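In order of appearance the chains are A, B and C, and numbering begins at 1 in each one.
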């Protein structure tokens, strides 16, 4: 599938900030499931540099603004050719050992409820892949997709208690459930070409390390493994660690963020 | 009944003075009380004047408290030091090889020498620096090895410090004050100098400047600020090296590099000797709420624009759970036998070990895996039954958080006390520098437990410090 | 060696704070002397109120003591209160804290002077209030400030840090002279009737005394004390060590040294020179034509403006 992405993030600061620094993880991952035809990240007025590919395979770049900053606009646009690999992250070059992802963070700390959910889900699952599927299904079951019930600070334990959430909550809970069974798992961000289903063009899901297969994606929100409708950007322990845009600004101003994303099937145009 | 252990007195036993202390026997014995008191208050006044004080985190009280200084020096003969020198350097080399390996291919784990779980699931393991090769492959540029002695030729390593071992300013100031107060001692004894340490540290840091830096590298010490208990040391080292002492707010990232704010505008910084913890270095990479760090610094570091000493992630090598494996590291990476021994250690996370520990609590020292400063620790032989039982409950509640070691018969060194001169237990922390070369200044920080019979030398628990002499060849 | 912008700011503030401690003590003196004069009219309630106005802490005082403007309260507030950032104790403590941060930029004599001031202040704070005389407190502050400035002058290397110490001192001094004069004219005597009366003269003399300029004034002008003469002395006379023009010239001189050392002239030098030029050209008649209060308010703003520019150019570290 040929997917065309237009993604504009606008930050407005009132009163203006004195200096902003951002770390960007906004480039499609390199693996057999996707090949980039063209890709641009434009940020007006930013000083850019300090770019590198990290141990998890993500391309990272730094953008800074010195002096007075009222507004930052980040425009991402490009086209990616995707293939359905049933979620398997095939041909992705990375150096971080999977065991490094068995770590509890503030978002993924397992509550007794998460522990119970995980233990119950894998009962009877015959192999690691079946276990991973069972975990994803259980999380999708336990947390109904309901926008507006949770926010960016909601932890996995809280989302599970509430029984409602969005893709971020599904991904956190799936990661938390896997790591309390000592199975490596991580939070993944990217784009989704959504037709009618759950419309989150800017999307997040989880990856679970399956012995023999490597990293495999699971989207508990949509109860599928990422296919050709998905574009993968990067990964981390949780939504903060994996964030496509992570920023710090100096000053006491309020920050207003506005995001506009479209992911179109360029083949149909 | 517990037998009273016999401690090795470094000065000698039963009247026979061991050679390194020969010159000091009469010096101390002949010193009139009054003169000694005058000197002691003179020393205190000097310490207070230079502002070398120590605030214990969380203890409150006087932030300007002085660490007690004992004037009786702790002495090593040249041949004794030769062994320590080789042993410490060997260890520093192996620890760096380990770090290079576990952030790269992980051969030692693949070879089954260390369980991957202990390394990669360790809190101190930083996945964000995997695959990053720091200049010259050095992660831990200043390695502090905590040693104790139990006999004429028996040394044990208690702990490795690969992050930012503190206390070196005491090594330098203790010497400075001894030389000022007792110049004659230094004329009569041939004592190896330690004063080159700042110059060596500066050379070490300069030697790990990133490739992108051309010309003389600009070095800065990054401190959490003047409220930090070690601020004196940070400013002392900056002053001795002639480099800037910066806080996070003094640095900023622009493009590929990191700059400091000076009165003449931004100035590029090439090497940062940081005295803040990993979690606080960069809010864009680690703890997002950190106000101490520099946003974007980790990206500059990882793209080769600046060197950071010690490298973020270096802490995985000095973790108490990893400590047990250091002798294996030495064999694995260097193909050598360890020169310095580890203290036998029981991991409470292991069933058999746990059993042994709980059955022998009264004879063991039990420590928290991530604890430091002598806190959260049980010294079995010096604890009451109630204390032991209370601690047993803590261990049983979270076994993996505890390790246990035998109570070592720490050596003693003569120390000035109320009643005159008496033996007190001591340990030693030498500071090994790793850059283009591996260097060790002949000396270190000797800490002394000033309370009679106490084995806890931490300054936060009533410990003091001594000048440490290494006799020249 | 490079001077960190933040450290330059610490040095700048050491200069300012030491000077501020001294100003508060001098204001104290004005208050205590004026309080010896009988309260002749309902035009002003209390001499102490004007002292609080001049130190810029009247609002904070009211929060704490309401309208109980008694000498004892004012003394605690202006001298010892750590909630009042302008009290002598606060100034001494934060000057010492600033010094601790830049310990390595100071000579051991300068450090000792600042550190001892801090230790002595702790001692004073512990002393029973009834055993302290106000005169001793004032004397202690003036002596301590003089000692600190003396060690700076006699021992500090003449590098950029020294200039920042001095720029802080002179900007603070210019500001406090302007405020002291303004209080006298605007707050102390709201009723025009008093101008030129015996009471007025007594109060003017007190201000001179507080600025240790009593004899200097007599030496320079002689005869009758008039508002015009005092304004001329404290604003335009280059011989007066605390006059606006002297402070502006000193600040300008140190800024010029910075420009030479760094090889670049900035907006800070331009503004400082323009301030000196204006003060050189104006006469005391011009000042009274404009209105003393108006002139002083304008000057206070200009000094604050210069301070802001210096901060922008040197103390943030992003310029250029």
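Keep in mind that, in the parts below, a contact is a pair of C-beta atoms (placed from the backbone, for glycine too) under 8 Å apart; a residue touches a chain by one contact, two chains touch by 3 or more.
Note that this is a predicted model, so its numbers are computed, not measured.
*Asks:* Higher C-beta contact count, B-C or A-B?
*Replies:* A-B
*Asks:* Which chain is most central here if centres come from C-alpha coordinates alone?
*Replies:* B
*Asks:* Could you work out how far the Cα centre of chain A sits from that of chain C, in whole Å?
*Replies:* 58
*Asks:* I'd like to verify one number: the distance from the centre of chain B to the centre of chain C, where each centre is the average of its C-alpha atoms, in whole angstrom.
*Replies:* 48
*Asks:* For chain A and chain B, let me know how many angstrom lie between their CA-based centres, rounded off.
*Replies:* 41
*Asks:* Which chain C residues reach two or more other chains?
*Replies:* Residues 318.
*Asks:* Where in chain B do residues touch two or more other chains at once?
*Replies:* 252
*Asks:* Going through chain A residue by residue, note those that touch at least 2 other chains and give them in order.
*Replies:* 66
*Asks:* Help me check something: in the complex, which residues belonging to chain C touch chain B?
*Replies:* These residues of chain C touch chain B: 1-6, 8, 97, 100-101, 103-104, 108, 111-112, 115, 160, 164, 258, 262, 264, 314-320.
*Asks:* Which residues of chain B touch chain C in their complex?
*Replies:* Answer in residue numbers: 49, 51, 226, 231, 235, 238-239, 242, 244-247, 249-250, 252, 260-267.
*Asks:* Mind listing the chain B positions that touch chain A in their complex?
*Replies:* Interface residues on the chain B side: 103-104, 106, 109, 116-117, 119-121, 123, 125, 127-132, 252-257, 283-285, 288, 295-296, 299-300, 302-305.
*Asks:* State the interface residues of chain A toward chain B in the complex, per the touch definition above.
*Replies:* Going through chain A, the ones touching chain B are 19, 21-23, 47-52, 54-56, 60-62, 64, 66, 95-97, 99-103, 240, 246-248.
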